[in-house]
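Since the structure comes first, as structure tokens, the remarks are kept for the end.
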Amino acid sequence: MFYHVKDLQFNARVSRPDPRFARVMLEAFGGANGELKSALQYFVQAFSCHNPFPDKYDMLMDIATEEFGHLEIVGATIQMLLGKVNGEMKDALEDTPLHTMMSGKSAKEELIHQAFTNPQFLVGAPGSPALTDSNGNPWCATYVSATAELTVDLRSNMAGEARAKIGYENLLQLTDDPLVKETLGFLMAREVTHYQQFEAALATIQPNFPPGVFQTSPRYSNLYFDLSKGEDARGPWNEGESTQLKEQWQYIEKPLEEVRSTNGLLDRKPEGTDRSEKNIAKKEAHLSKERSGQVLSATPEEKASWCKYHQ
Amino acid sequence: MFYHVKDLQFNARVSRPDPRFARVMLEAFGGANGELKSALQYFVQAFSCHNPFPDKYDMLMDIATEEFGHLEIVGATIQMLLGKVNGEMKDALEDTPLHTMMSGKSAKEELIHQAFTNPQFLVGAPGSPALTDSNGNPWCATYVSATAELTVDLRSNMAGEARAKIGYENLLQLTDDPLVKETLGFLMAREVTHYQQFEAALATIQPNFPPGVFQTSPRYSNLYFDLSKGEDARGPWNEGESTQLKEQWQYIEKPLEEVRSTNGLLDRKPEGTDRSEKNIAKKEAHLSKERSGQVLSATPEEKASWCKYHQ
Amino acid sequence: MFYHVKDLQFNARVSRPDPRFARVMLEAFGGANGELKSALQYFVQAFSCHNPFPDKYDMLMDIATEEFGHLEIVGATIQMLLGKVNGEMKDALEDTPLHTMMSGKSAKEELIHQAFTNPQFLVGAPGSPALTDSNGNPWCATYVSATAELTVDLRSNMAGEARAKIGYENLLQLTDDPLVKETLGFLMAREVTHYQQFEAALATIQPNFPPGVFQTSPRYSNLYFDLSKGEDARGPWNEGESTQLKEQWQYIEKPLEEVRSTNGLLDRKPEGTDRSEKNIAKKEAHLSKERSGQVLSATPEEKASWCKYHQ
Amino acid sequence: MFYHVKDLQFNARVSRPDPRFARVMLEAFGGANGELKSALQYFVQAFSCHNPFPDKYDMLMDIATEEFGHLEIVGATIQMLLGKVNGEMKDALEDTPLHTMMSGKSAKEELIHQAFTNPQFLVGAPGSPALTDSNGNPWCATYVSATAELTVDLRSNMAGEARAKIGYENLLQLTDDPLVKETLGFLMAREVTHYQQFEAALATIQPNFPPGVFQTSPRYSNLYFDLSKGEDARGPWNEGESTQLKEQWQYIEKPLEEVRSTNGLLDRKPEGTDRSEKNIAKKEAHLSKERSGQVLSATPEEKASWCKYHQ
Amino acid sequence: MFYHVKDLQFNARVSRPDPRFARVMLEAFGGANGELKSALQYFVQAFSCHNPFPDKYDMLMDIATEEFGHLEIVGATIQMLLGKVNGEMKDALEDTPLHTMMSGKSAKEELIHQAFTNPQFLVGAPGSPALTDSNGNPWCATYVSATAELTVDLRSNMAGEARAKIGYENLLQLTDDPLVKETLGFLMAREVTHYQQFEAALATIQPNFPPGVFQTSPRYSNLYFDLSKGEDARGPWNEGESTQLKEQWQYIEKPLEEVRSTNGLLDRKPEGTDRSEKNIAKKEAHLSKERSGQVLSATPEEKASWCKYHQ
Amino acid sequence: MFYHVKDLQFNARVSRPDPRFARVMLEAFGGANGELKSALQYFVQAFSCHNPFPDKYDMLMDIATEEFGHLEIVGATIQMLLGKVNGEMKDALEDTPLHTMMSGKSAKEELIHQAFTNPQFLVGAPGSPALTDSNGNPWCATYVSATAELTVDLRSNMAGEARAKIGYENLLQLTDDPLVKETLGFLMAREVTHYQQFEAALATIQPNFPPGVFQTSPRYSNLYFDLSKGEDARGPWNEGESTQLKEQWQYIEKPLEEVRSTNGLLDRKPEGTDRSEKNIAKKEAHLSKERSGQVLSATPEEKASWCKYHQ
């Protein structure tokens, strides 16, 4: 159950209307890496944690709720950046036709002219934010990543926070309003905060690599196929030891020849690794029971209820 | 700023898992007339009311916040309806292949089999809700209607609540779980409640028809064109008095002849109405000033801040 | 079966080309509340009325057909507003490169420059309308609301016409071409007309509130939850009598406490209402038979044919 | 301006309800190659032909109008195939829960059960067609191809009719209702008809290959790059004479070597062709003037009106 | 299996940055008729040809692979057209706010200003291409046509190449950079090439009209319905002989009367054709066996493997 | 420039047709975390690395190219899983109507029946893969994350590989075909490989946290707001030291009080951190120059060409 208070988490202010910046700021409102996406992503991920992982549920709901508040901060800022557009458009009898506007005579005309970079600000919901990105694409749930596997979802969240952070960094360069910069700086800082929160939560789940139960075959996990020819480069991604499984990278310089000589890799033997199919099977069997057990033991057979009420 | 409490507004419960019903219940979660749509629609509409219409802002935010809570109720119910799907899918080494499943031998297989009516419940986010409708279409912001004109938005909300109500009515017929029916009944009742709240709010804005400032020409507002031929019907929509403008309906039986004889309606004179262009112009001038004045007087020229903090 | 005549319902004219206004006018062509949406919405709703409600079928098809004609009027206006763009773009060897264009020297360059506000007017279908909104979003069937329940659909139509009306009101403020204003004025007037037609049709179905069969529990239908805190407002939406069910609003100032003390509302008793579960059940039973009977009696068991042909 | 008559162009009938076939038949209603797509594609293409090519305008509007009628035939068939679903769903108090349904006891349950293959037939618009394809994807204007260049659009139409034809061929194999087969056979035949009409219209525009004005360089137009290695095949698409420009195909067996030895093809000289840059330039200059002239001469400078009214 | 070489098929170059042209060139990258669409369309169509039609498989994969290379050429050109935008945006501390930018003082500001016509170039992926069209619509698989019937797919490909060709023709008119024009000219020429390749391949499949197996009824295939009234035109599409079936067009001037007098066309007899139901049935039976036989004989019952490896 | 060889990277095989599994395997073909998404994501990210970071460019193109090959493996497997569906559907005259099918008499009918779980396998492209996910949603470029900032993109890639890995883990549980399991196992292993490659590449860029230039204010980066009340949990995400910036978490138990007492956080001072605004500004200034310098120095002012050709 949600509550709302009319105070914003951060004191959002603008120095003067700026419809052009309002347009780009839509990225943070209804864009692919905006606040609505973050809020709903954590909110949706939380459902499968509710019973088996109440601590992660609490964290996800804490952050989801904060993001709904950030969505409100962004919307409020856009509304203020659009200034008098809404009011002017309601003055329906005073003509501000396009032809006159473009010569930019008066303050009103200038405002309308600026709003025109996104016509939805004039003909859709004049002077008000919309759930789109800066190009007018409507927000879409495909932006949300949720797999009901925490070690995957927390990584999606870290990557998502990284994208959100760079989004605010880009926005900061496109305005010179110091009050707006303050708000953007706060929101940017919070993405960096959340990133670290998700990272800390991931570390409490061990092992977490590879995510899920299956450990993957040692035959294929350390092969690097040189498939883009010309100016080939070497680095820790194709020589030395791999970051997590600690195997030796096998650089396959002639992929076609390799594939043809191994019956499509079927005949290839593991190299550069101590991992064996046997060890892996054992680990998988263990993890399979452990991970499903955690969830199943917290799932009632029937007569489920979501919460208890303490008076 | 939002708060969240882990108690649900309504005591959501399910008697037993039922993945097939979980699929159709997605309509109320990520569907076109579901709870997310309602919540975000009122939330977005509220921004342009914040300054000029604080009472409507309060109402929109009260209801938006309740709808976020309903979204949580629906998601919790779907999660419970999916029962052990998430846990079983994590038991990665126990095979429940498709071929075996379809013969439906054991309880586990039956559960997975049922979940298969929506494969996202198995391969996307096993055993967990997703922001889609029952056919898997991702939620999309085009579902949200917001025009920054309250007399329009409140009507959109009434229609939206009517659609949501009939959606729950349809769902109620597709389950026989009495606990789920209780929850659906509560949610359905709230749509009926909200409908009346929006209707009451609309009535406080006068005049509210036609919405907006322009009153529309008396020449065209009472014409009924009989454009679908055969088994023509008459009713209060094309004879007698019109509902709001109280004009006499003019039934145009031969639209082509009418259009040709009036130079494409340009030469047509008003009939069946007392409204005159002159009266209309006067009313429009008055409304134009009044409505824009309400908004402009509440919009700061510069140095805008969204809220005051009272310690 | 449809017929087409090459005369438009209204004598659409433009004084001079204006590609910038053509862009915003796309809202009425391929936008979420444009003419295509109206036409297809009524057309789709009509199918389930064909047998049981032939009078409503006639009305829906009359208006749907008119809206297809309005779509044509809007498209024709956009085509005229784009003037010579199509012809100039076919003059492929005369360079009008971007760099030169932007300095706006000649009439041709100015035209192309203006068209550039929507690049689809140059690279998609030069000088011709497209089924998108002003931001280039392709028209999408999610705009269409149809539930196969007339008391809901007619409300969706009223709200849709209200949105379309305000859309034309916004457009009217963005052009100073008197001929275009005439056409916009006509189209705007028709939305007001259709609104009243749908309202009249709704009134002939009794009872129509709540829409559908289920009457909703008296325990939940008059509760107002104060969920957005700060500057709370009171009005007819949360005090006094509700608009349709004529119950007394119950204002719940402390929602969390209420929920906790009623076991998630399960233990709450009806207040402020004369409606009883018993009366409601009786009314539902009656309506259930009546409403399904109307449809079933008009639906053939088998050997269905859609129409009779009278020679 | 459109007219509608309640008689269908073809006598659509069904022998008995069949919700499962109704689902797949949605392809022809709201699918990517369905009737709505055809109708709107020709309708949109027609606008740029209205002034300069009135004969093509007439043809496009004749066929567009027929396709709207076909859309109606398909919708009527789906409505009849859904039989009593709408009526049964309005019988809200008679439970037909999912659990009971799946055992398929009674006729009613069987009907609802079948409808369940597309849950929208139950929870969206019970027993009524929707503007989606068989998987529930909403119809989208990206299906429509229109470029404002007739020699391209007519080819898009031929390809579109071919896709629609094979669509009906596939549908015909999925029903054994002889009445439905009759209707599908009629609709399929009309796609074949329209294909030939567009082909005939294309042939009246000369030259029509390549479409547009530019003739393309003789250096690149007859090269065949063998880029997929293994089991290479030869055929008239890479040996002998090209179909339209009548050049000799140049088979480039070693694309990388070719590209490296010609400075990225910049140094390559024309081979296997009599076409010269000079001839081409002349042809382009001629076509450029001719094609733009046809359009420009039919486009008024200002004071444009779309149609004349003859009383 | 794919290989990549870092040399482009064509020596793509630009004379100077031009973000505005980069925006429109997105049409060829992530637009509905761009290179990604072509590449994926042929790639997807190829799967069903792999076994039964290895020569067509080879051709489709040759061209698909070339189109992936063209996608790379277009992306590289856009990247070069965006010049220093990426680098400048990383200079995060040097302010280039919107207000200053619009007065266009310095080179850097001018560049950013130009990039602003598509805000994604600044806030999404600064200075880098995105998989959208020029209006920012994300690339979508609905652009791809594939029906698993070669005589249809090859026609879709011809139409697609025609649209791609005119797309480049339009782009060529919007830049004056001679180096970019060279690249566009090469890409345009290749569309014309591919068109002819698909046309040649189609001709090797006989008969190919109508596509598929069913030959369509002689009663309906030569009827022309005059459904758009006024300024009716005659041409080879409604008089004389049809292009493929060589029937005489039957011009139906009064469609409603025709339909009413033939019981919805059911009673109509074939006219203007020598084709008979009997001949047609024979041809269909033959084709049905032949076409399915070609595919079935190349499809293993079980133990299928996709390729053989030759060492 | 791409090459293709007809040998697959892995020897894809299936034991027997299984259209139901083909449906869910579409997730890996045209799904949000499928192979097409991976291939295009790395391909698009590569453009902005081409000049300044040739080693990362090489890696991204190596992996992108491998993913295109994986897309081919998945498509080939789906094609084999669909077995004779394509061939049977071409046998157009042998009826396999739905009614008969559902009783499942013969092998052919069973096959068609199974294919029906995704009707596109019958009416779209019979017996052939389509670029959709398992619910039929068309692939969409919004799945692709690319920001032109490597330290962000590499994190998006790691998260994407994690999602792809768990996707294959889910698929493995839904089939019992050992040959298909082999292929899925290979593909799953490669996701784990790529994850480690991206992680290694990220580590070569220092500092990489926070991503981008701005370091974020010390006032806001270590605050944890307890916004979801009830059963609050503590863990390393809200107590102790933060993972990257090594600050002490500040747990704000009463967010509203905090916000009100700090004028919306404006008056709050840094706590639990050694980072100072001054140090941060210095670091930002340094990074700003360094990072932009890397890119700008590799970007030609004009006369750009993408590659050199070595003969």
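Letters A, B, C, D, E and F name the chains as they come in the text, with residue numbers starting at 1 for each one.
Everything below uses one rule, namely that a contact is a pair of C-beta atoms (placed from the backbone, for glycine too) under 8 Å apart; a residue touches a chain by one contact, two chains touch by 3 or more.
In UniProt terms the chains read A, B, C, D, E, F = Manganese catalase family protein.
Keep in mind it's a predicted model, so treat the numbers as computed, not measured.
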Exercise for the section: Any chance you could name the chains that touch chain C and chain E both? Expected result: A, D
Practice task
For C-E, find its twin among A-E, E-F or A-B: the pair where over half of the contact pairs carry the same residue numbers.
Solution key: A-E
Completion exercise
In whole angstrom, the CA-centroid distance of chain C from chain D equals 27
Handout entry: Distance from the mean Cα position of chain E to that of chain B, given in whole angstrom
Key = 37
Exercise for the section: Just give me the whole-number Å value for how far the CA centre of chain B lies from that of chain D. Expected result: 33
Handout entry: Rounded Å distance, chain B centre to chain C centre (Cα mean)
Key = 12
Practice task
Would you pick out the residues of chain C that each touch at least 2 other chains?
Solution key: 1-9, 11-12, 61-62, 64-65, 69, 89, 92, 124, 126, 132, 135-138, 140, 142, 147, 149, 167, 169, 172, 212-214, 227-228, 231, 255-256, 259-260, 263-264, 307, 309
Exercise for the section: Draw the chains as points, connect those that touch, then say whether the picture is a line, ring, star, complete or other. Expected result: other
Practice task
Any two chains that touch count here, so list every such pair.
Solution key: A-B, A-C, A-E, A-F, B-C, B-D, B-F, C-D, C-E, D-E, D-F, E-F
Problem - Residues of chain E defined as touching chain F within the complex - result: 1-9, 11-17, 30, 36, 40, 43-44, 47-48, 50, 61-62, 64-65, 68-69, 72-73, 75-80, 83-84, 86-94, 124-132, 138-142, 144, 146-149, 179, 212-214, 284-285, 287-289, 291-292, 295-296, 299, 302-307, 309
Practice task
Going by the contact rule at the top, pick out the chain B residues touching chain F in the complex.
Solution key: 1-7, 89, 92, 95-100, 102, 116, 118-120, 122-124, 126, 132, 135-138, 307, 309-311
Handout entry: Partner chain C, residues of chain E touching it in the complex
Key = 18, 20-21, 23-24, 27, 133-137, 167, 169-177, 227-231, 255-256, 259-261, 263-264
Problem - chain B residues touching chain C - in the complex, by the definition given at the top - result: 5, 7-12, 32, 54-55, 58-59, 61-62, 64-66, 69, 137, 140, 142-143, 145, 147, 149, 151-152, 155-156, 158-160, 162-163, 165-167, 169, 172, 182, 185-186, 188-190, 192-193, 195-201, 203-204, 209-214, 216-217, 219-228, 231-238, 242-245, 255-256, 259-260, 263-266
